[in-house]
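Two complexes are shown next, each including subunit A; its partner changes from subunit B in the first to subunit C in the second.
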Partner chain A sequence: MSEINGKVLKHGEQTRTMHWMHMITFILLALTGIGFYFDIGFIGGIFGGEANASLVHRWAGVVFTVGPALYILLNFERFARFMDTIATFTKDDFGWLKTMGGYIPFLKGDVPPQDKYNAGQKMLGHLIIIGCLLMILTGFPMWLWRGVLPAAFLAFCYNIHFWVAVILILAIAGHFFLAAIHPKSRVEFASMMMDGYIDAEISAHHNEKWFNSLQEVKE
Partner chain B sequence: MSIFKEKSVFTRRQFLIGSGMLAATVVITGIFAKLGFDAYAVSDDYIEKRAAGLYNLDEKMAIRKSHENSEILQIYKDFLSPGEVSPVSEKAHHLLHTKYGKEIPAMIEELHAHQHDAA
Partner chain C sequence: MSTATLADTGIIQITKACKACDHCTSVCPTGAVKGLLGQKHSIDYKTCINCGQCLINCPFGAIIDTSSVEQVKQALNDSGKTVIVQEAPAVRVALGEEFGMPVGTNVKGKMHAALRKLGFDKVYDTEFAADLTIMEEGTELIHRVFKLAGVAGYEDRGPLPQFTSCCPAWIKYAEDKYPAILPHLSSAKSPQQMFGAIAKTYAANKQGVNPADMVSVSVMPCTAKKYECDRPEMKASGFQDVDYVITTRELATIIKDAGIDFVNLPDEEADKLIGTSTGAATIFGVTGGVMEAALRTAYEILSGESLNKVEFTAVRGMQPVREATVEIPIKDLGINLPVNVCIVTGTKYVDKVIEDVLAGRSKYHFIEVMNCPGGCINGGGQPIRHEMY
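Let's look at the complex of A and B:
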C-alpha cells in the first residue's frame, strides 16, 4: 500500500451539525418511544413523568423533521450528490455485498473499490431515508389528527410506527457499532462527530473510487 | 501535509436525482397532509351539523326551561318544598344532588332512612 500523507474533508460543517442534531433527537425519540410502548415508568421519570416524556417525544419529532428539511433546502447540492451516490449501484457495489466488505470472517475475496459510501452504507442510507419518512408520515397524524382520523387508520399508523422504529433502532445500533467500535472502520466516528476530516491513506483504501475524484489542496 | 477536498462539480444527473427525491417526498407528504386535513374538515362538518340538529330540536320543544315546567313546579309544591316552590329546599338538595364514588353508600343509607317519609 502506497503511503499518502494528508487528510480528506469528508463531511462538511452543516452535515456534521445535522448528523449531531438527528442523532440526539433519534436517541430522545427512541428512548421515550420504548418507555411508552413497554410502559417503563423509569424512562418517563427521567423526563419528569409520562406527560413530559410525551411532550419531549412530540417536539423532538418536530426537530427530527425540520432539521433535515432545512439542511436539504440550504445544502441542496450536497443532498443531491448524496442521493446520487447512494442511488448508484455498480458491479463494485454488488462485489462489496458478496464479500460484505470483508467484515465477515468466513466471506473471503477481494473487496472492490468503493464510492464515498460503500454498498452497505448506501443501503443504510436508503433505509434511514425511507424509515424516517414513514416515522414522520405516521407520527404526525397520531399527534395532530388522532381525534378525526378513522380508528382503523390510526391503528395502522401505530403498527407502522412501531415496526419501523424497531428496524431503525436495530439498523442504527449496527451503524454505531461499525462506525464507532469496529477496529476496521471506527476512524469514521471522528470524521462525522468531530472535525470532518479523515486520514487520506484510510480514505484511499476504503473509498478508492471517491478518493481518486478528489482534488488536492496544498496547505 | 496535503488536504483533499471534493471538486465543486454538480452534474445534471445529481440535480435530477436530488430534485426527484425532493419532489417525491413533497408529493407523498402532500397526499398524507391532504387526507388529514380532509378528515379534519369532515369531522368539523359533522360537529357543526350535530350542533345545529341539537339547537333545532331545542327550538321545537314546547317547554325549554325547567323552572317554567308546570310538572316540576307541581313536584316542588307537593313534595320537595310543600306549599311553595323552593329549588334549594333541604329535601331537594338531598334527593336531587348527585353523589359520586365514596359518597354513594352514605347516600343509600340516607335514602333508606327517609323511605317511610316518602311513603
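Let's look at the complex of A and C:
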C-alpha cells in the first residue's frame, strides 16, 4: 500500500471553466446537429423549432470557438505545456498503447509510467484539437458565406462537418465513459468538473512521471 | 378531378432531402424560396419564375423539376404518333458534359444522331425559330423606332424601349411584378413557341401529318420552358403547340437509359424543312446574343447595306448589366440613329432598369433580359456543375 497522502491540483480554475463551457456547448451542438442531420422534429421542438435550433447551434458554435481561443490567449504558457505534453510520445506511451493502459482485461503486462496525460488522452487531445478546428473551419463558412460559396464546396463543408462530428461524438462518448464511469479512472471526473484536485496517491499511480515532477506545498 | 395547373403547383419542387443550408435563397432572383437557415425550405409558386437556378445550385440535389420524360417515352413507342423534336442552341454545347466530354464541346451532330436513334420521326432545330424570332423582334424594334421618329403608318406600334421576350422566367417576372411594363415587351413569341406553332401548322401540312397525331417535343436548357409550353395562350396551331419540354439533363438520361454510345456517334444534320438556321440563332443561348442578332437584322434593314463584319462585340460580356450605343444609318430618313441598348443577365438586376423606364428616365431603345446568369447556357435545365471554386 502506498504511503502517499494528500491531494494535488491537476486542473486549474480557468481550465475547468473552459472544459465546462466546451462540454455544454458540445452537447448543444451535438444534439441540434443530430436533429438537423436526421431530421428529428422532436429535437428542433425542444428549442422552439428548426430555425431556433439552428440559431442555438450557430451561437453555441461561436462560444465553442471563442471560449478556447480566449483560454489559450489568457493561459498561453499552460496551453503550450499541454501541447508539448500531448506532442511528446516516448516508449512509455507506446507501452501504454500496447497494454491499453490496463483497461482491456486480456491485454496483460505492466503499464509504463505516464505524463500528466496518458497516451490515450494524448491521442484524444490531438483528435479534439484537429476535430474542433475542422468543425470551425467548415461551420462558419456554412453559416456566414452560404450565399456566396459554390454549391459543391458547401456540400464538401457539410460532409466534412458531419463526419468529423460523428468521430468527435464517438470519441467524447469514450472519453466520458473512461473519465466518469469506468471504476479505474472515474475519479478524474471530480477533478476536472469540480475542484481540480485529485488524490496524490492516484496521481502517483496513473501519472507517475508528472507526479514526480511536482513540488510539495506545505500548508 | 384536380384542377391544379402548373401555375399553382410550379415546375420546381424542394424535396424532403433539403438540408436547410439556405444556399438557394441567395440564388433565387425573386425571393420565392422561403425558409431560414436550419429550417426546411419551400417555394412560393406565386412568385417563383420557374428558372431552376435553385435546382442547379442546390448542394444536395434536393430540388427537382416536374418531368415529362415518361410521356415522351410513351409517345416514342406509339406508332400512331409522329414525334418531332427541337433543341435549343444552348443544349448542344452542354449535353456533352453529361457524357464526360470537355465543358463547352459542341455536340450538335451527335445530338441529332442520338435523337434519331431514340426514335424521333423528325429531328429539327430551335435555331430555325430563333432566326424567325430575331426577324420578328428586329422588325418590331424598327417599327417602334419609326413611331418615335414620327414616320407615318407606325403610330399604333408599341413604346420604346423594347424588351426582349424570349426568356419565360423574365416574362413571368414582368407579369408578376411589373405589369405596367408589358407594353414595352416584344410581342414576338419565344423561339420554342414559334417553332411549336410552325411545326403543327406549316410542317404538319408539308409532311402530310395530322397535327392531332403530332407530338412536339422540345429539348431546352431551361425549366421555365416547361411552364411556358403549358401556358393557356400557347395553342396557336389549334393544339398545344409544344407538348412536352425536357431539359438537357433529362435528354442525357434518356440517351443513357437507351444504351446509346453517345461519344462515338457519327455527326448528323437536322432535318431540312424547319431545321436550318444562321449564326445569329446560334448565339441566342448566351447573354447579349439576342441583342447582337437583333442589331444585325435592324442594321441591315435600316441601312439597306450588308454588314461586312457581323459581330457587335460591344454587347458581349458577363457583367450583369451592360450598355452600348450602336450608330445605325437609317436610309429612308437620311439620318444616323444612335441606338442605345442594354443587356441584363440575371433578373435580380433588372428592377432599376424597369423603374427607369416606367419613370421615363431610360435612355435605351432596346433591352435584352435573360434570367439566368450568363444566359441560357447556365439555365436551370443544364448539367449540374461540380466545381469547388
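In the analysis below, the second predicted complex is superposed on the first by the 218 of 219 C-alpha atoms of A that agree within 3 Å, B and C clash if a C-alpha of one lies under 4 Å from a C-alpha of the other, contacts with A are read in each partner's own complex, and residues count from 1 in each chain.
Here, a residue touches a chain if its C-beta (ideal position, glycine included) is under 8 Å from a C-beta of that chain, and two chains touch if they have at least 3 such contacts.
No experiment lies behind these values; they were computed from the predicted model shown.
**Q** Evaluate whether subunit B and subunit C can sit on subunit A together after superposition, giving fit or clash.
**A** After superposition on subunit A, which the two structures share, subunit B runs into subunit C.
**Q** In the overlaid three-chain picture, which partner chain does A:G147 touch, first (subunit B) or second (subunit C), both, or neither?
**A** Both partners, subunit B and subunit C.
**Q** Answer with first, second, both or neither: which of subunit B and subunit C does A:N118 touch in the superposed model?
**A** neither
**Q** Applying the document's definition of touching, compare subunit B and subunit C: which contacts more of subunit A?
**A** Subunit A has more residues touched by B than by the other partner.
**Q** Let me test your reading of the model: by the given contact rule, A:S191 touches which partner, first (subunit B), second (subunit C), both or neither?
**A** A:S191 sits against neither subunit B nor subunit C.
**Q** Figure out whether A:T25 sits in contact with subunit B (first) or subunit C (second), or with both, or with neither.
**A** Touch status of A:T25: no partner.
**Q** Thinking of the overlay built on chain A, is A:I72 touched by subunit B (first), by subunit C (second), by both, or by neither?
**A** first
**Q** For A:A87, decide between first (touching subunit B), second (touching subunit C), both and neither.
**A** The first partner, subunit B, only.
**Q** Report for A:F156: first if it touches subunit B alone, second if subunit C alone, otherwise both or neither.
**A** A:F156 contacts subunit C only, not subunit B.
**Q** Thinking of the overlay built on chain A, is A:N5 touched by subunit B (first), by subunit C (second), by both, or by neither?
**A** first
**Q** Should A:N207 be classified as contacting the first partner (subunit B), the second (subunit C), both, or neither?
**A** Neither: A:N207 stays clear of subunit B and subunit C.
**Q** Have a look at 3-11, 39-47, 57-65 or 111-119 and say which bit of subunit B overlaps subunit C after the superposition.
**A** With the two structures superposed, the offending stretch of subunit B is 57-65.
**Q** Once the two structures are fitted together, what part of subunit A is touched by subunit B and by subunit C alike?
**A** Looking at subunit A, the two contact sets intersect at 147-150.
**Q** Which of the residues in subunit A come into contact with subunit B in the complex?
**A** Per the stated touch rule, the residues are 4-9, 72, 76-77, 79-81, 83-84, 87, 129, 133, 136-137, 140-141, 144-145, 147-150, 200, 203, 211, 213-219.
**Q** Residues of subunit B touching subunit A in their complex?
**A** That would be residues 1-7, 10-11, 13-15, 17-19, 21-22, 25, 28-29, 32, 36, 39-40, 42-43 of subunit B.
**Q** Along subunit C, where are the residues that touch subunit A in the complex?
**A** 16, 19-23, 25-27, 36-40, 57-60, 385-389
**Q** State the interface residues of subunit A toward subunit C in the complex, per the touch definition above.
**A** Touching subunit C: residues 36, 39, 49-51, 53-55, 57-58, 142-143, 146-156, 158 of subunit A.
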